[in-house]
Every structure is written in C-alpha cells, then in structure tokens.
Amino acid sequence: MSNEIGTVLRLTTFGESHGEAMGGVIDGFPARVAVDLERLQEQVSRRRPGQSAVTTQRSEQDRVEILSGIKDGMTLGTPIGFIVRNTDHRSEDYDEMAHVYRPSHADYTYEARYGIRDHRGGGRASARETVSRVVAGALAAQLLERHGVRVVAYSSQIGDVKVEEDYGRLNLNEVYNSDVRCPDGGAAHRMRVAIEQARTERDTLGGIVTCVVTGLPAGVGDPVFGKLQARLAAAMMSIPAAKGFDYGLGFGFADRRGSEVIDEFVMRDGRVRTLTNYSGGLQGGITNGEDLVMRVCFKPIATMPREVRTVDAGGNETVLTTRGRHDVCAVPRAVPVVEAMAALIVLDAMLVAGKIIIE
Amino acid sequence: MSNEIGTVLRLTTFGESHGEAMGGVIDGFPARVAVDLERLQEQVSRRRPGQSAVTTQRSEQDRVEILSGIKDGMTLGTPIGFIVRNTDHRSEDYDEMAHVYRPSHADYTYEARYGIRDHRGGGRASARETVSRVVAGALAAQLLERHGVRVVAYSSQIGDVKVEEDYGRLNLNEVYNSDVRCPDGGAAHRMRVAIEQARTERDTLGGIVTCVVTGLPAGVGDPVFGKLQARLAAAMMSIPAAKGFDYGLGFGFADRRGSEVIDEFVMRDGRVRTLTNYSGGLQGGITNGEDLVMRVCFKPIATMPREVRTVDAGGNETVLTTRGRHDVCAVPRAVPVVEAMAALIVLDAMLVAGKIIIE
Amino acid sequence: MSNEIGTVLRLTTFGESHGEAMGGVIDGFPARVAVDLERLQEQVSRRRPGQSAVTTQRSEQDRVEILSGIKDGMTLGTPIGFIVRNTDHRSEDYDEMAHVYRPSHADYTYEARYGIRDHRGGGRASARETVSRVVAGALAAQLLERHGVRVVAYSSQIGDVKVEEDYGRLNLNEVYNSDVRCPDGGAAHRMRVAIEQARTERDTLGGIVTCVVTGLPAGVGDPVFGKLQARLAAAMMSIPAAKGFDYGLGFGFADRRGSEVIDEFVMRDGRVRTLTNYSGGLQGGITNGEDLVMRVCFKPIATMPREVRTVDAGGNETVLTTRGRHDVCAVPRAVPVVEAMAALIVLDAMLVAGKIIIE
Amino acid sequence: MSNEIGTVLRLTTFGESHGEAMGGVIDGFPARVAVDLERLQEQVSRRRPGQSAVTTQRSEQDRVEILSGIKDGMTLGTPIGFIVRNTDHRSEDYDEMAHVYRPSHADYTYEARYGIRDHRGGGRASARETVSRVVAGALAAQLLERHGVRVVAYSSQIGDVKVEEDYGRLNLNEVYNSDVRCPDGGAAHRMRVAIEQARTERDTLGGIVTCVVTGLPAGVGDPVFGKLQARLAAAMMSIPAAKGFDYGLGFGFADRRGSEVIDEFVMRDGRVRTLTNYSGGLQGGITNGEDLVMRVCFKPIATMPREVRTVDAGGNETVLTTRGRHDVCAVPRAVPVVEAMAALIVLDAMLVAGKIIIE
C-alpha cells in the first residue's frame, strides 16, 4: 500500500533506480480528457538530471512511454499505465555500497525493514523514483488547467539565500527559465553562486520550495483526517529529502497574536473573500477560494565527496568516500516534483468534492 | 473516507461538537492485549477543557464508554467501538453563528463544501472532535509501552516563549504536572504569564508542540508514499489549527551545510547507531532506531472577544463579536492530541512492519 | 479493515452479540438528504427476531440511536454514527460454549484466528451483527428511492419449497406482509409448513433469497476488480450463513448454449434495451439499464436441539446439546439484510459513477 | 480504485486488449522470496490463446517482462512492476465494432459509463486483461507452495458434461495435461466432443471451474466484511464472464436439512478436524484447516459466428455478424485465472493473519 497515493485519483508507482524501468499506474483519471503528450514529456524533462551546471551529469533520457488509458490523445477512463526506462546505469559506481551503509541515506533502514535492498543508487529510495510522480502530476496539471487551476512551485530558499519578495510580486512564468528554478533574478543569481561555492567546498545545500495553487473554487477538501493540508503534507513529506511542511503563515504563526493574523471576510465582486490570506487558502481542511500556499523544506544532499564515518553490513566501523555523480542541492530538481504532488492531491480533492465534471 | 486514518490499525471517528455524542471505531487492534481503562479515561481527561485557569470553562465530563472489542479488560481482535456523550451543550450561545461566518474558522468552507453545516460550536470542525483521537491513541500507547515504545509531547513554544533546552535535558514525566504541558519550569511560568496577558488584552496565542518517540526498533515505516514522516505529517496536519509539521532538524535544514548535519554511523553496544540525530530517527521513511522527534505548529485561536469584520450567509458584510467560552491558546490542550496521533501512526507502522507480535 | 465496506460510501461496524451495543459509522453519505427516521426504525425492526412464530423469541427492541451526521432530519455530509443497544442478554445460556466449539459455527476458527473470542452467542460472528448493516442500508435505500431506484428482496426458496414464478409476476410490495418474506402466497404457505415440520423434527432449513434492483440507469459500476457483481458478491457473501451468489441466469448459464442466452439489443422508447435479461442487468461489471437480479443461498442454521459431536478447547472430543433460542431457518430474517447490502453497494456505485447529484 | 485488488498484498492492473501492453504492479509482496521466473512464464502461457484446437488462434507470445521488485531471482519487498506487450493486434477486425454494440458484451455499458471506449477487442473489458492476474497469481502461488499451500482449479463442467467424481478422487496434477483443463479423462473427452459440436453449430458453451486450496492452516480470513469467502467471491466475480460463485456445498445447501450437513468436530492426529467438509473449509469467514473448495460459473461466450440483433451508437437497430477469432468456451482458459485469483486472495489473507513469516 505504501507505493500508492490518492483517494479516487490514485497513483501507484514502481521501479528501482538502477532496475529496468520506473513506472506507474494512474487509476481514476476522468475519461475524455484531451492530453498533450509533448507537454507531458517536457515537464518530465524538467525533473531530469544533466540539464545544467547546477545539477548532476547523469544523462537519462527519461522518455515516457504511455502503455494504456490514452488513445488518440484522449483519456479512456481506464488506468493509465506508463514506464520510463532506466538507460544510464553505471551500477559499478555503487559496488562499494553493497556492503557499506551511507550515512543519512536509507541503506541501513531498508536493510532493517526488508533484510535485503537494491544497493545500486539507492534502489527504491532514490530520487529517481520521483520521475513517476512527475508523469502523473503533469497529466493532473493539464486537467486542472482546463478548470482554471494552476500549480506553480519555485525555489524560495537555497542555503542562506532567500527570496524576500512575496510570491504575488514574482513572475511565476519565469520559474523554468531559471536553472535554479527561482523567478527572482537577483536571488537566482545568489543561489547559483552559493551552489558553486558549496561545490568547490565539496559540500551540499538545503533549501525551501514554495508552491502556490491559484484558481481554486471554495469547497475543495474534506474534514478531519482528509483535510487538504493533511493530504498535501503527506504527499510532500513523501518526497525524498523533505523534512518540513507548512502552509499559509505556517511556523510563522507560533509567535503571532490571534488579532494580527485573523483573515477577516469581505464581499468582493459578489464573492466571499478574505482581506488577508494568512490561512493559505484553507479553513478546516477545505479551500476558501483564496490562493493555496505552502512550503516544503529539503535537507542538504547527504552524499558529498568527503570522507564520512560509517559502518558496514558486518557491523564494522569504516570510512566511506563517495564517488558517483551527485547534485549539490536537491531544491531545483524538487520543484517539478512538488508541483506534481500538489497537482495530484488537488485534482483528487476536486474529484472527491465533485468540482470537476467532464461534460 | 475522510473520517478514517490508518493502514492496518484504522480509526474511524464521528460526532459533531453539539450533537449527541462523539465516538469512533478502532479496527485492526491486536487481540489479547490487556488494557487499563482507568488510565485510558485519565488520558482522555487530560484533553478535556475546564481543567485549569489556562483553559476554557466548558465542563464536559468526557466519560468514555467502550461498546465492543474489549471484554474483561482484554482486547478481542474485533473492532473497538466507543462513544463520549456531549453533555454540556448551551447551543444557544451559538445562535448568531447560524447565519454569520466566523473568520478563520471553517463555517464558510463547510458551507461551500456541503451546502449545510451544524453551526453549533463548529460542528464536526470543532476541536472537540479530537476526543475520539485521544481515546484511540491512549489504547495504542498502552500497547506501544509494552513493547518499550513511549510517546511524549510537550508545549515547546507558546507565543514568543520558547523552551531552549533540548528534550533530552527535560524531565518528560513532568509534562502533565504542568497546566501548560511544559516540563521546563521556567518556560512554563513564562508561558502562563504570556497566556494571562493575552487574555487580558482579549487576544490569543499560537505555539509549537514537540513530540518524541523513544524505544523504536529500526525498520519501522515504509518506502515512497508510506514514509513514516508522511503518515505522521498527515496525522498531525489533520489536527484542528495545525499549520506546520517538521521532524529532526526540520526547517532548520534549509540553511545548513550537508557536512554539518550528516548523521554518521558508529557501532555502540553491538548496535548500529548515529553520532548525531539531525534526521530525527528516520531515513527514507523508515526508523533507524534513534529517537523520532517532530514538531507541530498551531495557529492562535481565531475566536477572541473582539469585533471582527465578516460576512453573513446572505452575502452581507457585518461585524461579529464572539461570545461563548474559548481558550486563549490551543497548545496545552493539543499536547495529548499530538501524542495520540503519534501513537496511532507509530503502532500502525509497527503492525505493518511485523514488529509487534502478540505472543 | 475487515469491518468496513464500500468505496466512497463506507460503512464500518462494531459490536459483539452480547456486548454493550452494536453500531456503525457511515462515511461519505451525501449532505442535505432528508431522511425519515421512523421508516429507518421500521426497516430495522423487520430484521429483528421475535416477530412471529417462524423466528426466534429473543426480544431485542433494536432501537436505533443516531449519534451524529443527521440534524433536524437532514444529513450533514459528516459521518453518521449510530448504535443499537443489546438489551436481552441471557448470556448464561452460553456458558457451556465458553469451552466447547459448536460445529459449523465460527467458535473454533475465531479461536484459531485471534486466540480469544467472546463466546456469548457467537460474539462478532453472530447474525446480530447484521443489524448495523440494516441501519445503513435503510438510509441508502431512502436516497436511492428519491432517484427512482428500488431494492426488493424475498425468500425464493426455503428447504425444497421454491417460488416458481418469475419475480416480474410477483407483487413485491407484499414481501413484508408475509412472515416468511415471500410474496407468493402459495409458496409462502408451503414454506411455513416446511419450517414448522423441520422444527418438530428438531431440524433446520436453508434456502435462497432473490434480490431485484429496479430503476437503475445504465453506466453504474466499474471495470475489472470493481465490477458491480464483484462488489455485490463480496457484500452478500459477507452475510453470516451465505454460501453462494449468482446474478442473472447465474449457475443456470453452465449448460446453456450461447445462442439461447444472448441478450440482443433493441430500441424501445428511444432507449437502448435488451430483448431478454439473462445477464441480470450487468455487462462487464456495469449496469445496462435493465433490472439487476441476483440470488444468495443460505445454509441451514447449524444450531439445532440435537446432540452433535464436537471437541472442546482442551482438545477433547465431546457431545454438545444446544440450548438457547434459535431460528429454524435464517432465510426470512436474511431478506432485509440482503436488501441492505444491495442498497449500500448500489448507492456507492452510483456515487462513484457520479450518477447521484444532490441538487 | 477499480483496477486494484487486495488488502496488504495488492495488485493494480492496466492495459487495453489492443493497446501497447497489459501490465500490473504487485505491492506488498514479501521481501527475500526466491522466485522462479521460468515457472512464472509457463503459468502465464497456460492462459494464452492459440494453444490447441479447443481455444482461439490469436497467437500472442505473452512474454512477461519484470521491471522492478525482483533482483537476481529474489524479491526486494518493493513493488513488482511488470508488462506483457500486445503483439498481434489485427485491430482492423474490429472496425465494425467502433459503431455497433455487441450484445451481451460491455460495449454499450462502457459507453454509458465513460462516454468513450477502446472498441478494439473489448479494450479493458477483454479477457486479455486477465493475463496480468495470472502473472501476479503465479508469483503468489510460488510463495504459498513454500508454505505448503497449493491452489488447483479444473473444468468441472462444460456445457452439459459434468465431472461426477469428487475432487478427492481426481489426480489434480493432470489438469494442465488436458487441453480442456479437466483431470477426469472420460469427462475431458466428452467436453472436447461437446466443444467441437458447438463449434460446428456455430454456438458456444458455458461451464463451471472448481478450485481447491489444500494445506491451509486454521485461522486465515477475517470476520464480517473481510470474510475469506467474500474476498474470494469478489475476486472470482471480477473475472470476465463469471456469473456465479459458491463454496463448500454452495447452492446445494438450499434444500438440505441442517442435521445432514453439519460438519461435526473430531480430534485426528492431535488436530481439530471435521468429519465432513460441507462448509468448504471456512466458518465465519475464517479457515478451519480443511480444504477450501469453491466453484465459479462462466456463461457461454457471447461472440459467435451468427447474426444477432443489436443497435448502433446512433440509436439505430441493426444486425451484427461477428468476425474475428473467438473461443467456443471460456472455461479451459479461465482455469489458470481462477487459480491466480485464489492464490492472490489466499496469500493476502495469510499475510493479514500473520501466517506467513519470511524467516
């Protein structure tokens, strides 16, 4: 069950980093939705490594093969099966890891859970797993768009470089024109510099991805355990290296007074609106028609070209010096993954709430 | 489906704040577990309002009635049904709210979702809903304890008063001896002062609950969408007023270097251990045997004795002055709820991983 | 998970036969549906024992208490929690069974599954468990009725007495005017005689319940594992003592030629119709707009006032003579249970297929 | 959700008959199970058409490609993704069906459900969909075998030819040496004759598959909605063309006296056993350690080389003469599918009940 997410729109994924293929099945996607497979491929390529100086050089092609559920560019209502072949293995790079647990990676915990693991590149725990999420998320995003709902994410912090502007003042169309996935030109430049410096110092950086969903109607989400923030939190915290999630003012609420952060209601253009949006678009787990705004924090990549203390499978302490190709910072590549998870969860909630009717 | 949580241990809850009763069904609880119903009642009472100067005066008795699944103090393996009657209604206090949406509450969003709502005290969106969680969580905690796993939460921040000490330096047995649920005497005093001052100023406070799970074996949790942090995040973000979740160093990872925060492995007493625990006890979604540490941020209570701008159900702008009994700060009462959700999710994950065998 | 059924409309039940109460939670029932609680109570009473000479004398009142989800006769969209207290225990009748396994009952298998059981009256395995199904089913049936969908079941065979007429020639409004739940007066008389004779002979009878759902639109049900017949089969086979399920011509298909039993299409009143309905209203798991017709076979009650060979919990062979009050034939009391399960599954499928829109 | 089956062992399938590929994901399969991929392929080939005179001539190779979850012949605990390419399309055979609904097929109902369908060969409603079930079932069967549990099915009736012997008197190892999948040589011969005669008469035949599961421990299965017979019934009724399910004496219980069919307990070799097995191995939804015996009835194939009345998508009555290659009788090819579904459900139930521990 752990390889599956969603309620009526459900994604099941499979694939180890260095196995035959990554893939997934999308069940519950509405019928008769026209899909643009070129745009799908483009979004998947944005997650791909090897795109610029700031990301790793592994050169997967990441070509999406749709196997079912779509015919002549139109969904059939049947499950959409897809695969993305793994082509660039070089698994010999990982031979040492067959017996040594990489610190702050999932090698030891998978061994503890299953008594076996595919050590090559992290197997199922690899960030490569997220390619299937992006395929599904890109399809979801296309359907959302037709209903006026748009999902955009961007790097809002990398290391100590923060975007100071509110998202409302940024041109969110520019995110993918930036190799660090930051639409604020000044901050983007400083992020690039910070990444290069960390690389020089054989170190890595963490950061934060901010995600905004616009165009949502009021009334999407469910009470109690199905609160939209709960589903989104689970989706985001399931991304490799994610360590924190908040929405609206988030952790910033801790030291604020109630009177400062209450979102008073007014009427605007005949609609109920809030004067402010500290709540981030949700009350009681259900959208209120304002923008849905959330943040996901990522830890610095745990693999870096340094010696680190560790133990091996035999219980002996040892020292590991990592080889292989690795990013300095996961944040830019996490941007399309955060978008994908948001699109999947929001579309699922809209379907549950009956807010999407395919005419 | 939105009133249900868990995988093999599953809790389904029901009940509106001012309806007949709150209640729930716990399915998948193992058979032949001796349970102490007095301790269960005691834990439920800790969530109850009306306990001290710092919490609201509503005086529910919150007596738990077990209806099935337990016989002669022993679980049967069959579903545990329970109810907690609502006894102190005073629903006339809420008459005004039948037509007016309280800002930063779920009145408007429930109306948008369902076209109907029980306006009395927030209905299903009320914090009263959490009583069912505490019942279930207390049972889960008893079983965890027999396996050496202990879940403790405490108020680590209320308004701008923070506990500066690491949890390892606190006496976590003292949490429930403190009316603000803070085991650090100095901080507890300052929290109490801050709450009284906010009350005087007719304002409210937010804060943070920290939760620690000790005694976990390595190998609990699942990959990909079933990562333990994903399940925990969903559980915590489903608590009313929760706005953020992180674990380990959490959002603190954003501006740290990888080399600073890697948890190197060593051997200690024949076991694989980490030198540090920035990861908060999880790698790749699975426990590594270190303490599981997480934080949940709560917003200030949105109900305060002040005039606030709002709109009514007819689309007219108006002003609302809240009456009724309300807390200044939800954090102390959230502490047992956070514990309950942690206990449920952790027990579920242990059952899934086959780490609990009832002999 | 095993105490839960349904996809978006979900029923979770709890309760042991001689515990405090039976009960359940209905999640996903649409909001703003007016419900008639008196008719609900009436349907529940139809399942109740002690109604006539042909059924057992246990005199439960079976009063349904709705605890949530319905206010002023209208559903709220929130979960509907309910209980039915167990009032007439006489559990001393069951003392012998604490140590002896009743043959063809679930005593031994529960013991093998859980290592513990509530022996009083079968505990969770008792037919009393079905009262919660009838509560939920009666609510579902009320909503179906507003959409022109009607669910009727009747005893079509008891022992060797069979209703020879097709359901289309019976007056299905008469079912509950018959104590054996058979709308064919002649057959009903013979069934009554057969039951009395079996009682005299200290024996028991099996039989068949036929269930018909009329007024269904085409397009309800799902492909592959979600076929409507698969969901219905699971629901029916989960009723205590059910041993077989079929629909349409069912097992009668085995020795028929394809050319005899093909349901050819014609146009009638501008609608696609079939000339015959061997298929029982479903093709590929989805309704075609014809009547949905199915049968459920029940075994003879395994408890009878005779000596039977058995073993005790210590592994000793022994002889059991059953006391306590028991029916001769489960079929009449199964009729409202079959209706309830059909109503729940059909409503769920209609909600999944978006065929029910609450205006 | 409708393309998914199972509780902790879960199969999700995808693929249209004439699309790119059929495939599936098996989630929850235990780690460290050695699997024999050649035997897997062999079992899949048994379902394949084109094997003998009695089955259709479509010559798919049905080569299984495992994409994840198995490394060096050993399961990893991660999801097992697999595909089977569709190679022999000839979809031009189906051009007429783009606009005409085949009677007693799912063309019209899919159109009613989705407003779109892949008309080629039935799309998702085709029996070809079952290839993914056989892949998953064959893996499940291998693991069951290591625990002494064996699943065997056979054709027990085709048309009016019935196997008269009880399964205990048949050599169940002979099933796959028979092209009609019948281990009773005499009956097999008569079945073959019946099929040839029906073919000559341009007609088709139905029949029954009997399935036996031996070696089960007591205590497998769950109460109430999770009864093993309920899960099995759903699994079997989800197979294309299945119209009825029963177990043990099944529909034969209807006219039997309770005293005739009670399964009395005795002690044999220190174990609790029943003298007879009318119950078919289950009491209250849980295994009692006797053989689990069930039957599935299949209707005659609805496609036959005859003129049949029907309507087209425009609502005009018309006549259809089917071309394309089709079987006379689905029963022999259903045998491995019934085995697969039984293996999946039984393994799932054993995992849920904690009866399979991978050492």
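Order of writing sets the chain letters: A, B, C and D. Residues in each chain are counted from 1.
Please note the rule applied: contacts are C-beta pairs under 8 Å (C-beta built on N, C-alpha and C of every residue); 3 or more make two chains touch, one makes a residue touch a chain.
What you are looking at is a predicted structure, and each value in this text was computed from that prediction instead of being measured.
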{"item": "Interchain contact steps from subunit A to subunit D (minimum; 1 if touching)", "value": "1"}
{"item": "A-C against C-D, pair bridged by the larger set of C-beta contacts", "value": "C-D"}
{"item": "Computed distance of Cα centres, subunit C from subunit A, in Å", "value": "46"}
{"item": "Distance between chain centroids, defined by C-alpha means - subunit C, subunit D (Å)", "value": "26"}
{"item": "Residue numbers of subunit B (touch at least two other chains)", "value": "1-4, 8, 13, 78, 113, 124, 223"}
{"item": "Residue ranges of subunit A touching subunit C (in the complex, touch as defined)", "value": "8, 78, 223, 352, 354, 357"}
{"item": "Subunit D contact footprint on subunit A (complex, rising order)", "value": "1-4, 8, 10, 12-16, 19-25, 27-28, 31-32, 65-69, 71, 74-81, 83, 113-118, 123-124, 358"}
{"item": "Contact set on subunit A toward subunit B in their complex", "value": "1-5, 7, 13, 101, 103-106, 108-110, 112-113, 124-125, 129, 157, 159-160, 198, 202-208, 217-227, 229-238, 240, 242-251, 253-259, 261-267, 270, 272, 274-275, 278-280, 282-289, 297-302, 304, 306, 308-311, 315-317, 353"}
